[in-house]
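Taking it in order: structure first as structure tokens, then the write-up.
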């Protein structure tokens, strides 16, 4: 049971990582990065590292993600149209 | 073309990584008894601390922790320097997250609970999972929630700077106190007490509480700086 | 003995935490305190160097746990020599930039001095620590200070140079963590001496992998060939004194970490050849790039990379003489290159593009600075009787004793290239006519003092190289003697039963 | 049987963390958007942290925290040292990410673009 859970989480995590790098919409990519951190935190808990899990949950999921989002709000949201800023304003608000 | 080279490079790196780590399941490490047995033993017998990670982070490898809070301090300072502008309007928010009344009311309710949880986590760092880093980051997420929910919520920069500086100063001063009382920097010079008591472990809980304050203040200041960055 | 090695790290950290508070009381304190701290570090490490020369290595344990279990600081002849050199250079750079941003902005000046102090403290930490993870933490302290200092000016290119540096730095610190993971997974320890005593148990394949990851992790600071893309940009875009600090302090720490890995930690047989090859490639690529540069600081940066290549070649010879020559080169480079950076940034102070041709004819208008720049140029290409001559001579002797004739030929050819591009600048300073619109910058008193101290040291070493030979001999013997290092660190720990 | 399961578990975790490192490196080296590059760096960091934790794991391990009555469970405890290292490394990684993102904001302010090919005033 334990091993199935771990494998499920690992597959999910690698999937999220691939999603994060192929996704052109940076906001979605950042959320996927947050999901990776969340799964990592769960894996740390399963691997008997509760302290690390707590830190990763607070830093990786909350703080890193929010700093990325603030950066995206200050710059552009799409990976390809580098100069588009109005689109971002209308889409996120 | 560039992608091909990178993929080749990654293949080589991946081969070496797999080669170095995958074998561990079969053969195991070449040295069976590392430093960990000593740590597990001394944590109970000499330091009377229940959480081995706390004892390693604060005592055995306390110097790393001092360096690490310095890295965070430098990052917060660097962020202010990189985003610095001469005409700085205090209170101007670069990014506004419009929030509904439900979110606001909820945040107001949650905020004290989150801060309380953070304080609990870092005070009990030597007894249960958690400690200064964990508690500090939890408190910072509480402030982050308030900053996102309320556009006009602000933290005094001077207060943050005071907390940060004093926590850091006291950390180093505790190190010097250990040097004066026991001979080496950061030595645990207070009586360790009995295990599983709140007041046990000598200077370990005190130092970890200082780390908690410092981390909380630094992370909050960091988020605050980025959030108040305005395009000129 | 005055003080203890831990003070070299703890005092700057304490001061860094205090400066924001003290700055609220009196703004001038943010400039004075770092200077006092750097002066203290310099005096303390110099007096400990004296003690170490007479009484042997100081091992400082931390938090009351002996070597394999706790973190320890090693203050041996080699590390003492490097720490003294770095803190001295830190003090000179502080003196030079004392009036930096004066009366303009309080906040940037405060940050500048905090970062300068932490840059020196982090580099000293890299050198004196005896624990690989602790070294990683200090590399990060140095790295973040260096990124922030590179991005210090708000112009458009400085952020880019800093981002480039940060990108490479982050990737290489990942490599360093992987190397630490490999070592820990196999040997179960993080202490350098403990690793050195157990490394022969490790299978050869893992050893080579770990060594390569270590080299990738540290090579960024040591400016070895594929990893030095950040250096020219960072040197050019950072404030003038910071270029001097990079060349005199950060690079030296990186080189130390690298040779400590190769000489002490790993007993891989081909490692010396790797060092030699890396050094030669770095030397040739950098010197041929330097001759094509049009900006003065970029040229100096490439020359600095090339000198590091020469240092690695000297280390790669692998004999005691080679190590002696390499350390002598490091000492000379740490003194001469900052002098070139400091006087060079005075020469191009008022020009927009900082091009080499903008120094035309400044010899008449800024005689003192120009003389010092010429002195530095003569010294670094190795003209007798200046300091650089003796170090290059010792490299050549060491190579000749090993019969490496190809290397001697290459070094001589590269020296010719160096002579060409340095003399081109000196020629422009003295024998060209000044451009009409350029206003020469008169150096301030503190800058003059800082530069003339460096110039005086170059002359002293040049006319009497014996003043440093004892220290250098001790240091090179210390680096070669791995069993003694292990014994020094672990002797106290072995008696403790667990 | 149980040993075999444990071995499979180890392979899974190592494989997951190594693929995370490689995916992140790929993003950091080939992507043209600065934010994507920083995302790649943080994925690499996550992979390395998982790798370090996996090194310390032992079969049927328990967390290295002593609770009253279980003081003699030392044999089954996982290695605490990598956990302490990861704790430090996470915070350092966050600091580096924050500095990188602030540089991204400043680059955008000057260039009004995030494409790395267009931000090349400085050449090798």
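Per-chain residue numbering starts at 1, and chain names A, B, C and D are given in the order in which the chains are listed.
In this section, a residue touches a chain if its C-beta (ideal position, glycine included) is under 8 Å from a C-beta of that chain, and two chains touch if they have at least 3 such contacts.
A quick note: this is a predicted structure, and the numbers were derived from the prediction, not measured.
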item: Maximum inter-chain contact count - chain pair; value: B-C
item: Distance from the mean Cα position of chain C to that of chain A, given in whole angstrom; value: 38
item: Distance between the centres, which are taken as Cα means, of chain B and chain A, whole angstrom; value: 20
item: Averaged-CA centre spacing for the pair chain D and chain C, given as whole angstrom; value: 30
item: Inter-centroid spacing, chain D versus chain A (mean Cα positions, whole Å); value: 13
item: Per-residue overlap in chain C, given as positions that touch at least 2 other chains; value: 133, 137, 140, 144, 147-148, 151, 159, 162, 178, 181, 184-185, 190
item: Where chain D touches two or more other chains at once, by residue number; value: 15, 21, 25-26, 51, 55-56, 63-65, 81, 83, 87-88, 90-92, 95-96, 98-99, 101, 103-106
item: Shared-contact residues (touching 2 or more other chains) in chain B; value: 17, 21, 24, 34-37, 39, 41, 51, 53, 61, 64, 68, 71, 74-75, 78, 82, 129, 133, 222, 226, 229, 231
item: Listing of all chain pairs that touch each other, if any do; value: A-B, A-D, B-C, B-D, C-D
item: Chain A to chain D touching residues, read off their complex; value: 2-3, 6-7, 10-11, 13-14, 17-18, 20-21, 26, 29-30, 33, 36-37, 40, 43-44, 47-52, 55-56, 59-60, 63-64, 67-68, 71-72, 74-76, 79, 82-83
item: Chain D - residues contacting chain A, complex; value: 5, 8-9, 12-13, 15-16, 19-20, 23-24, 26-27, 31-33, 35-36, 38-40, 42-43, 46, 49-50, 53-54, 56-57, 61-65, 78, 83, 86-87, 90-91, 94, 97-98, 101, 104-105, 108, 112-115, 118
item: Residue numbers on chain D that touch chain B, as the complex places them; value: 6-7, 10-11, 14-15, 18, 21-22, 25-26, 29-30, 51, 55-56, 63-68, 71, 74, 77, 79-81, 83-84, 87-88, 90-92, 95-96, 98-99, 101-103, 105-106, 109
item: For the chain C and chain B complex, residues of the former touching the latter; value: 4, 6, 9-10, 13-14, 16-18, 20-21, 24, 60-65, 68-71, 105, 107-108, 111, 114-115, 118, 125, 133-134, 137-138, 140-141, 144-145, 147-148, 151-152, 154, 159, 162, 178, 181-182, 184-191, 198, 201-203, 205-206, 209-210, 212, 498
item: In the complex, chain B residues that touch chain A; value: 51, 53-54, 94-95, 98, 121, 129-131, 133-134, 137-138, 140-141, 144, 148, 219, 222-223, 226-227, 229, 231
